[in-house]
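Mind having a look at this structure? Questions to follow.
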Amino acid sequence: MDDPLIVVALLLVAACATAAVAVRDPERQALVLAVLGTALAVLFTVLQAPDVGLSQLAVGSALTPLLLMLSVRKVRRRERGKGRTR
Amino acid sequence: MNGWTATATAVLALGGGATVWGVATGPLGRRVVAQNLSTSLACPVLLLLAQGYGRPSYVDLALVLALLGPVGTLVFARLLAEDLEGDPPGARAATYAVAVFGATVVIVLCAVAGPGRAMVKLLVTGALLVAGNLVASRALAGGFSGSRHG
Amino acid sequence: MNHLLPLLVAAPLLGAALLVAGGRRLPRAVAEPVGCVVSAGTAALAIVLLLNSSPPLVEWVGGWAPKDGESVGIVLVGDGPGLGMAALASLLTLAALVYSWRYFDEPPRRHAGSFPALMLLFQTGMCGFAVAGDLFDAFVFFELMSVVAYALTGHRVEEAKAVQGALTFGVVNSLGAYAMLLGIALLYARTGELAMVKIGRGLDAHGGPDALTLAAFVLVLTGLLVKAAAVPFHFWLPDAHAVAPTPVCMLLSGVLVEMGAYGVWRVYGTVFDGPGGIPAADVERALVVLGVLTGLVGAVMCWYQRHIKRLLAYSTVAHMGLFVIGIGSLTPEADDGTALYILGHAGVKAALFACTGILLDRYGSVDEHALYGRARSLRGVAVLFVLGALGLAGLPPFGTGLGKAVTEEAVGGPLSVVFVVVSAVTAGAVLRVAAHVFLGAGPEPRDVSAYETTGIREEPETRHRLSRVPDTMTVVPALLLAGSLAVGAVPGVARLVGHAVSEAGSGGAFTSPHWTPAGVLLGLLSTVLALGLAALAVSRPEPFGEQPWTEPLRRLQSGHIGDYVAWTLAGATLLGALALPGILS
Amino acid sequence: MMSVLPYLVAVWIFLTGCYGIVTSRNLIHAVGCLAVCQSATYVLLLAVGYRDGGTAPVFSDVEPGSRPVVDPVVQALALTDVVVGATVTALLLALVIQVSKRHGTVDPDELSELRG
Amino acid sequence: MTRRVRRWVLAVGGAGLAALLVAACPALPPFGGATHPYGDRVVHESLARQTANTIASVNFDQRAFDTLGELGILFASVIGTVVLLRQTRDERRAAPEPAAVSLPVRRYALIVLPVALLTGLYVVAHGQLSPGGGFQGGVVAATALHLLYLGADYRALENVRPIGLYEVGDALAASGYLVTGFAGLLGGTAFLANTLLPYGTFNTLASGGTVPLLNAAIGMEVACAVVVLLARFLDQAVEIEKESGS
């Protein structure tokens, strides 16, 4: 009955996941992962799992990107610091 | 399938596809804008779904997304400020279009819901959605620039 | 009695929570004894339950006992093997905690309780996995013990090798766990149940095995075999076990890896062994082939190591191969033998790691070449090390010897040759190390290959290099060796183990493993071979040194996460291919 | 097609994530790919539990028994896993940070401390 | 291994696994099928115990032992991260530089912060009724706190975040979950069984027996855990530097 909606959400998630792998720069990957989190949340809602969707929203929209970006920043800062001392 | 879910499907297919394309390709500035738009689009979609499924409790998802979506974008704006400085992304037309779309959805749903607790929740969600979207896109366009990054 | 089963999980978890809740004020002198006491209490509980486990204990957590044969809750199964593994894990955790008494030089500032808390969480995970009767519940505790293991492996964050090894460990094992979860989802889709026994019945009710059964089998076993370090899922193990803090190594090699093998036995025995599961011939083929590969690769790689902890880690890989063969041969006698072998091996391997830890803390090195002749003064440690090596070879009456003998007899024929060769080669390598390090025998070894991990320039784990070895660090390995000896020498133990395993296994036929003349002879043969190999390697380094044909094998162990993940996928494919014929027919 | 599409999508996501880890040149990227692999498990679990025309078994705003409901068990399994997945990601990222400190790089091709 | 060999191994392994999994898909029950025996039993039991949100009933009552394990994982990740990201001997702390944030962003952050905290609490409190619960609400509340970092700077966040307290809170919440479990055992039934609390009226805040208690414990533990985790990462990214010259 809701087939088109489910298909669209599934394809969106699949496309996002593929993009998250294909984008090689970790900062840009974090952006794609944030979108993937949102897409997954929509898919879960469509699959009638609002609890899981809420969980995914809480984690995927702010927490995971923040963790990833902070790691990137730490790693970058070290590399930049290394460049200066050379 | 009713009108609400049909609208949601259409928005998801067009808007979702566009944001995925936008976030996966192109310069960094365009990618962050696409990320911001993805949350501001997904939020009205969730509202439409809640209405379409006849499940007012699903509105909680939209509320949480309206709260945390802009937070996520602010994270990117803050931590990518240096990279964005050179070319501050501005996508005014798209941002306003999405904001208007969100506001329209909220108003229509409020009209359907009628006064009551549900309407308050919808209004709060709508206000957070529109304000968050605008603030986040402003932050991306240079809200953090000139700051030292602490 | 069965109501006490969940306490195996709850007690150490509560202990860990209290240690952390003690917060920053908690001094180290309190945190460590508390950790030991909680761990010991859990071990005592596990042993008490073990002694009462005939008939097996069954507990529905939360009082969700089945109505009309159907339940919505989680079932815990306290049978002999499960509680035995829980008891083994608890005792080893206790040993590791005692060994590490006032050990690390720098517990994280203001977090004195964190190391004992992590050890208790490790114990929680292993106990929970051992008694799980529900597949998803098993997955949760499997994940818990993995997560703790990653953190503990990387505990010495100032060591470049440690953090790299821990990351590799984390990525490969997480991927394995996700594969397992996918497999659980497939099984749930087919049967609509999560309790292992019910899943088994659901598969049988559906009829013969098909592609879905095979896929679920491959995915679940991939998760477990990654943990069990079967070739080609094994690459993470030497990288992780060689760099973890010594007390953690004792646990990782002594029981964590064996948990993977136990999981294979449990899951196959309850889920896939019915007519709707995977035919026995195919499982046997898959596991025996992987086991033989694992044993041989592990033995060869073990022989050519100079980093002592890495050498021991490869010997764990090799022995895991033997355990997988034992489990894969699907006979009650082989199960008994493997159980005994695991018990004996845990004591011996943990003791060997403990002795290596003493070397590390005394000399700041675990490199066979760098330590050449330097440890002459450590007589007591030398005796323990050599005893451990002999135990590894399967010298009667060590538990390893009994386990090996019983399993060899059960598998028979050419496979017992694999057992003899693997135990002889790994023990020979350890004896060679002993001769070089403690005696300074033979000519000084020369550095040949540049492509290998050396053990020089390692940081000792204690505050200063030890001038005197603390008593706890020698008593623990001695007790562990005594335990391993007791498994083989005390006659009642083998009977009890045999009884417990056959009661839990599907066989039903009660077996009583015991020493036989052939078994004793084979054990002696392995020992003599090991001694001979070691003597030859020490006196004539040339023909036993680096060989060109091992070079490709060593190149595979590249330390690259991508390689290891690729091999994991290839291993899953191999497993599927080996089990495929039964599905096609 | 519709009857297997969700399962195929889960398989696709899992394998894509694996491909990403194997070919990754940056450990942070690899950890991100691992998170992608994990999302395959959520998709598969929820797809298994879906029922046509069903709604969520949350009865705060619908009458029990008035509509068919989807399977709550898989939702509970997936739900906890989401949060736990995030914390495991955090743990692995912590290790990556230490790797970058001790090795000066996060390119797996350049890590050569452990081999042979 | 060279990159080429790695790709070959990946291609073979990936193709094999893909073939296996794709072959399994048609054998699965068709998507949207109606047979969910376990699920149906769960819904029945949940309603019998007056818990409106069936998922909460599974998580905190019927399969509460799984949640105990998940709690352990969460707890272990937090301790692990604290240990792994500790300040080592060759590192020092640099005072974070104050950041200038534009006024609208600052205003937005300060207005939304209390709203987000309230939403987090709301999501936790209604866990046994509507979608949500301890896991979700805890994350929302903890993330909300970090609006201070985004809207002001790291110092402002540090002022309201005594990290030691959050660590203790994490541990106490975990203990709370366990103690509730022990209460069942001491009450003469089984671990994690409800012996104390009435099941209440359907669809009210106090319904469901021990579900709200366990839910609250998880909410607190998740919130504290996320705060501690993020604190460790922020410390690394903002404050901790390598000792110069070493």
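Residue numbering begins at 1 within each chain, and the chains themselves are lettered A, B, C, D and E in the order written.
Everything that follows uses one rule, which is that a residue touches a chain if its C-beta (ideal position, glycine included) is under 8 Å from a C-beta of that chain, and two chains touch if they have at least 3 such contacts.
Predicted model, so just to flag it, every value in this text is computed and none were measured.
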- Query: Tell me, which chains sit next to both subunit A and subunit D?
  - Reply: B, E
- Most extensive contact between chains (C-beta pair count): C-E
- Taking each chain's C-alpha mean as its centre, the one farthest from subunit D: C
- Task: Going by C-alpha centroids, which chain is farthest from subunit B? Tell me that one.
- Result: C
- Centre to centre, by mean C-alpha position, how many angstrom separate subunit A and subunit C? 36
- Task: Averaged over CA atoms, how far is the centre of subunit C from the centre of subunit E? Could you give it in whole Å?
- Result: 31
- Centre-of-Cα separation between subunit C and subunit B, whole angstrom: 50
- Intercentroid distance (Cα basis), subunit D paired with subunit B, Å: 24
- Message: Could you pull out the residues of subunit D that touch at least 2 other chains?
- Response: 2, 5-6, 14, 18-19, 22-24, 31, 40, 47-50, 52, 55-56, 58, 60-61, 69-70, 73-77, 79, 81-84, 86, 88, 90-91, 93, 95-98, 101
- What are the residue numbers in subunit B that touch two or more other chains? 53, 55, 57-58, 60-61, 64, 68, 71, 75
- Tell me, which residues of subunit C touch at least two other chains? 136, 143, 147, 150-151, 154, 157-158, 163, 186, 188-189, 194, 555, 558, 560, 562-563, 566, 569
- Task: Go ahead and list every pair of chains that touch.
- Result: A-B, A-D, A-E, B-D, B-E, C-D, C-E, D-E
- Item | Residues on subunit E engaged by subunit B in the complex (per definition of touch) | 96-102, 104-105, 108-109, 112, 115-116, 119, 123, 130-132, 136, 140, 143-144, 146-147, 150, 153-155, 238
- Query: Which of the residues in subunit D come into contact with subunit A in the complex?
  - Reply: 2, 5-6, 9, 12-13, 16-17, 19-20, 24-26, 28-29, 31-33, 35-36, 39-40, 42-43, 46-47, 49-50, 52-56, 58, 69-70, 75-76, 78-79, 82-83, 85-86, 89-90, 93, 96-97, 100-101, 104, 106
- Message: Residue numbers of subunit A touching subunit E in their complex, please.
- Response: 50-51, 53-55, 57-59, 62-63, 66-67, 70-71, 73-74, 77-78, 81
- Message: Applying the document's contact rule, which stretches of subunit E touch subunit A when the two form their complex?
- Response: 53, 55-56, 123, 131-133, 135-136, 139-140, 143, 146, 226, 229-230, 233-234, 236-237, 241-242
- subunit E partner contacts - residues on subunit B that touch it in the complex: 57-58, 60-61, 63-64, 67-68, 70-71, 74-75, 78, 124, 128, 131-132, 135, 138-139, 142-144, 146-150
